[in-house]
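All chains are identified by letter, namely A, B, C and D, in their written order; residue positions are counted from 1 within each chain.
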Amino acid sequence: VAPLTKTAGVVSVLEFRVRFCETDLMGIVHHANYLPYFEMGRVEWLRERSVTYAAWAEQGLHLAVAEVSLRYKAPAKFDDLLALHTCLAEVRSHSLKFTYRLMRGEKLLNEGMTLLACVNNTGALTRLSSDMLQAFKM
Amino acid sequence: VAPLTKTAGVVSVLEFRVRFCETDLMGIVHHANYLPYFEMGRVEWLRERSVTYAAWAEQGLHLAVAEVSLRYKAPAKFDDLLALHTCLAEVRSHSLKFTYRLMRGEKLLNEGMTLLACVNNTGALTRLSSDMLQAFKM
Amino acid sequence: VAPLTKTAGVVSVLEFRVRFCETDLMGIVHHANYLPYFEMGRVEWLRERSVTYAAWAEQGLHLAVAEVSLRYKAPAKFDDLLALHTCLAEVRSHSLKFTYRLMRGEKLLNEGMTLLACVNNTGALTRLSSDMLQAFKM
Amino acid sequence: VAPLTKTAGVVSVLEFRVRFCETDLMGIVHHANYLPYFEMGRVEWLRERSVTYAAWAEQGLHLAVAEVSLRYKAPAKFDDLLALHTCLAEVRSHSLKFTYRLMRGEKLLNEGMTLLACVNNTGALTRLSSDMLQAFKM
């Protein structure tokens, strides 16, 4: 079993607005569009810790999504100002897990999890680099 | 607890090609794009049973996504010819569950589940209509 | 011919970052994704003038896109920090035209135009409301 | 001026259904989603002439979108069965132009144009390969 590093569970909060194109004919944000929000959340989580995901991508290291789950509680609407809480929940040798809570004010709209596997440009599973571990242990 | 109807677990298979715009800079289908595939799968599952989801939407009944989960095994690429296996796994009084297996030839690319809640135009939870139950029991 | 109101050509600038999911297998932003950027630009153009597009939508007035054109000069990439310059170029009785220039620093990435027609909830062409004219003449 | 090859203006027709996720809160297909349709149209135009766009992409040749324009006449809705007419309108040494007409039955929903420039993996403008010219002259 891959060794597990306890993280501080540090949370970052990202505020953003719902775009018109993200809604569907039910008048709410289409359920698939929350995954790009979560992705944006973890990119900003890293930026706050002085890491640009793009820099890793240029080095040929990617955090490929291996597993996702989401529970939808209430819909977001066009132009809503949302706050996404992104939390690094777990770090292993080749993977890590982020959890997410999407809020509109005090209201929880949905919550989810993504398990990310570290892969190289050919898609092969790779150990997290020391740069990555450094960033994730903060 | 909502009463559970055992279904025949009938599976429908939908073939389609990956669009260029569905890829990302890793050269593979972006992980969020599988949710629209699953959605397309259940729309076609219904059509094969002579139900058009659009007709229910016009009656003000929607199957809102309440929960999703996905496990990614291997990536799909641009122009891949894929076969999505959509299975009605469970029917309850106000909700139902579909499971999905996305294949490229013999290879399983990913598998997932969506829990759908029946809601009206205002988003309130509603019993599945008798039309719906009829369709889902086939 | 619909009467033409000369506008001050007021420009608003919106800064934002390219999302990972907006790229394609060429490693650049997929060309279709600039239209949502432009849409976001005009929503923010209005907000700066104390108008929320959502409020008009709730009143049953929409600015439907009747025509678009874009010239792509250079690609945007993942995580680029972009500045979108949105300009109200023309106001007529039932329509208006915005023009856009998307910049990365000093570099022009693309420029475009959208012609918007005022329509009601049934899609019928409607005169711009006095609220709208007020906003657009600022 | 780049030499112009007159084409037979051969048209291909692609039938497909509107996906749920392609609609917006106006209950119609979001205007940006027609560009992926057009892209799908030209991919299928090529396939009918025994060319897979993916094969060119693997050789490092891409047809980058340099310019687009669209005129929207009537909206498409969820689950509409549409027919996209894709026409190669012009071939030059480094670029080509496709035009599109999107129909629902006898009704024209919109029409557009894309100017495509041949570029290599680094994005530099390149002559159309002889393979490409062969395909486009059919």
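Heads up, the rule we're going with is that contacts are C-beta pairs under 8 Å (C-beta built on N, C-alpha and C of every residue); 3 or more make two chains touch, one makes a residue touch a chain.
For clarity, every value in this text was computed on a predicted model and none was experimentally measured.
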item	value
A-C compared against C-D, more contacting pairs	C-D
Farthest-lying chain, centroid of Cα atoms versus that of chain B	C
Selected from B-D, A-B or B-C, interface repeating A-D by over half of its contact pairs	B-C
Interchain centroid distance [CA atoms averaged], chain B/chain C, Å	34
Inter-chain centre distance, chain A versus chain C - centres from mean C-alpha coordinates, in Å	29
Centre-of-Cα separation between chain D and chain C, whole angstrom	24
Numbers and ranges of chain A residues touching at least 2 other chains	20-21, 25, 28, 32, 35-36, 39, 57, 78
Residue ranges of chain C in contact with chain D within the complex	25-26, 28, 31-33, 35-36, 39, 57, 62, 64-72, 75, 123
Chain A to chain C touching residues, read off their complex	19-21, 35-36, 39-40, 43, 52-54, 57, 77-79
Touching residues on chain C, where the partner in the complex is chain B	20-21, 23-25, 27-28, 30, 32, 78
